[in-house]
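Take a look at the following structure, please.
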């Protein structure tokens, strides 16, 4: 029982690099938990009396790849349900880490929020994590209120990232490479202009922009997740150099690795980096073995990669926090999302038409030839001599 | 010099025609005068027979007539090609005698009579009949084709398969009919087209419907019309003008319907109801039907190719194009045909049982012409099936000769008496 | 003239044309009017016609449901499959195979293509008995695809690339969305071997469909797995096609008008319930039968449509036109 407390203490005490973001992940630290989970439209969920139950873990790191499971410094979790009702989700320990857990009885989006504060060099840092989880079950039909597709709001979020919906988006829409993603950044409920927005894919491609006067930043999603076959994976799928040793097939090894990882190669004594390998394994699907599994289970165009979007916004507000004075507040917020390959790049209409024409001609020519042959007055019986 | 009155020496043909007229007249007298209460509308048919067979009136003076030898020759197609089909199946004893030189002694009277008529050149239907369409039905008809050719007729062999259930048989026959359709168009000089074939299918259909309407009325008890009149009506279809025949039959229907409404009884109070089957009664060989009705029986239904089989089954077209219409016509003449020349006769037995039931009959009389081997051969299986169903059946082997009449009528009367007593027992 | 006689005289061809047109418009465009008949329709109301469809062909959700991991499928959750199936059965039992002959949009489309052929005056093709006997099994093969491919996916023997395998092959996926201007299904998907094989076959079959239905009446119905699926439960239906064998003269009129070339309709004089696996219950046979009462359609044991001499004569234009 000492362990989590120690973690929290360590976490709070350690200085954070400016780039480190904090976000929610629904990938369990312990892969064995996956066995009890069901894949749904909003990612993996537990089932409890036919009700979807979602569990989210905090992750922290400079990027999706350079990240680890983190322990919350505070218990400042918030949940906004589909009816915009604010509540506090349960916290628990799951898979060796703290997690939040909430039921999703209604169709629509559930938002989870978390934030941490600290003062550094006279700047109050407010780091927020956000998750937007869809609950949709096809069995309940598709006559749902279209307004449920729209994002939920929590006006009191210190800094909120709202993914604006794609045209004609519904519960089945996937974000695909090539889509124009739009994020609205809200500071205390009002659009934040000039905020730095950074989108990073799981393969490590980064794009940075700033919000416009309306607080909106947009990105066209890069195509870096090519749908390929298992045997082609070797050729097409990036296999990051630092990954090969990770292996991490067995959770037991991961646990063992965790201890060793207290001291990492570069000597950075980071508690959260200690969990890096395990975390990367779960989140990062570019890995060969992961990809194989993903491809074999969900098929090429179903394979989804994750992206991380992170916002930084600074205001000249002065005050003091826990006795430490500051003259600026630096807000940051991060959330993840997923995107699938662009299906059009692997589709050919012209070839489709050629095949259809082939079918058409097979019958057309075949039948015409047959009819012509039939007009001949007599057809000899053909014996098989074998 | 006094004028010597001109003497005309009767030629062989004239003499033969006179004999035919005498035979026909005798039977017509029996049909017309031997029974009381003939429907008024029947007069058309009596007159028609008298005109054609006794007075030498040709029914189609200005049309090309095509002789047909069997019920399977498609009327619709001949009509569409502008021809008139006339059935060459003949019932004259006079002709049978003449035709017996072509055939062995123990062969079918009908075939012999038909050959005799063709030989004698006394064709009652048309002066210059040249083309005869002969289907490959029974052996005797098949062999008759060669003899007709020998006489100088243009004979078209229309190939009919011996099995009607199989797909091959069906396709074979359809091809025969398709070929015939092309051939007949060349022969008459009028191509069978989509428009005129549709028209004739509908015309023949209308005629069939008139027959069906008449036939349905025979289901009534008491029976409103005698069987001998029905045979006259259907025999007239052999050679009469299609539209005229239809109108006359419809007029007869109307009269019979009125009779039904009145509860009119054309037969006796207890006349047993008979289903007639087997070799076809063709005018003037109405010997057996007349004998039955003179013996207080009444023919309420029949299963013969000179009557019911001639008109019963109808053409059903899905797409009104040549390709479908010709095939549809072909199907009408093959699939439902209960002619005994086919390998199987289950359909015929089923039909007899159904007729027996729906026409509320008391018994079946089965006529087989001596020498009509297919009907003779089917007798056994039919008799067995009828016995199993408990249907009384009388099998009579006969021919066109007027001898044995006494012996025959005794058998018929005995059968009819037995039916009467059977009915009494059942009550 | 009483009601029954009037119905028996009905011009089935015209009635069907208008009924089918209405059903087609309803199923293919009903979605725009927010009509949703659910996911268990026993007819090809194609789910790929996303916005327009007024309901979804049961084969799509069935394949989805059966592709669940076995641990889920064979657990309490798997019972949901039965729920969808019960609804399917309920829909089906009401109309039996009349779903095919009167409602199926793909069937209607084939009838329209047949109409086009007639405009050209081209004869229809037909199978020989032998070909028929061989080809008739294809629909059962496709039914096995509908059921077993998803099960193999659920058991991780196949990838999800093979998901909804039958839909990928079905010409309705390509053709029905066209009526809403959606050409997006006309493609070959190279994202994986499975998709590539299925979509290539699907496109080929779409081509076959267009040419085939031009030459052969109801070309695709003969291979339709839905038809095979229907037949399994057809005996339970309240809607029946019946034959009175004793009244049949085996004239073959019914057989020759039959779009599906069902021979027993003419030759079988013993069976009472004459509905066969290929039947689409279009009632053309009943309309083409000249024998009084030989063929009839019964709903709940009550005869609603029967062959009559009178009706036959009217439909064939043989009635006196005076």
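Each chain gets a letter, A, B and C, in the order it is written, and its residues are counted from 1.
One rule holds in what follows: contacts are C-beta pairs under 8 Å (C-beta built on N, C-alpha and C of every residue); 3 or more make two chains touch, one makes a residue touch a chain.
Fair warning: this is a prediction, and the values are worked out from it, not measured in the lab.
*Asks:* Hey, how far apart are chain A and chain B in touch steps, shortest way?
*Replies:* Shortest path length, in steps: 2.
*Asks:* Taking each chain's centre as the mean of its CA atoms, which one is most distant from chain A?
*Replies:* Between chain A and every other chain, the largest centroid distance is to B.
*Asks:* Tally the contacting C-beta pairs at the A-C interface and at the B-C interface, and name the larger one.
*Replies:* Between A-C and B-C, the larger count of C-beta pairs in contact belongs to A-C.
*Asks:* Can you check how far apart chain A and chain B are, centre to centre, with Cα atoms defining each centre and the answer in Å?
*Replies:* From the centre of chain A to the centre of chain B is 88 Å.
*Asks:* Report the inter-chain centroid distance for chain B and chain C in whole angstrom, where each centroid is the mean of the CA atoms.
*Replies:* Using C-alpha averages as centres, the distance is 45 Å.
*Asks:* What does chain A use to touch chain C in their complex?
*Replies:* Those in contact with chain C are residues 38, 47, 138-139, 141-143, 227, 229, 295-302, 341, 343, 346-349, 351-353, 355-364, 367, 370-371.
*Asks:* Within their complex, state which residues of chain C touch chain A.
*Replies:* 34, 36, 38-39, 61, 64, 72, 77, 80, 125, 156, 159-161, 163, 174, 183, 186-195, 199-200, 203-212, 214-215
*Asks:* Residue numbers of chain C touching chain B in their complex, please.
*Replies:* Contacts found on chain C: 118, 121, 123-124, 128-129, 245-247, 249-254, 256-257, 266-267, 269, 284, 288-290, 309, 312-313, 316-320.
*Asks:* Which chain B residues qualify as touching chain C in the complex?
*Replies:* 165, 167, 170, 201-202, 205-206, 208-209, 212, 250, 312-319, 321, 323-324, 327-328, 331-332, 335-336, 347, 350-351, 353-354, 357
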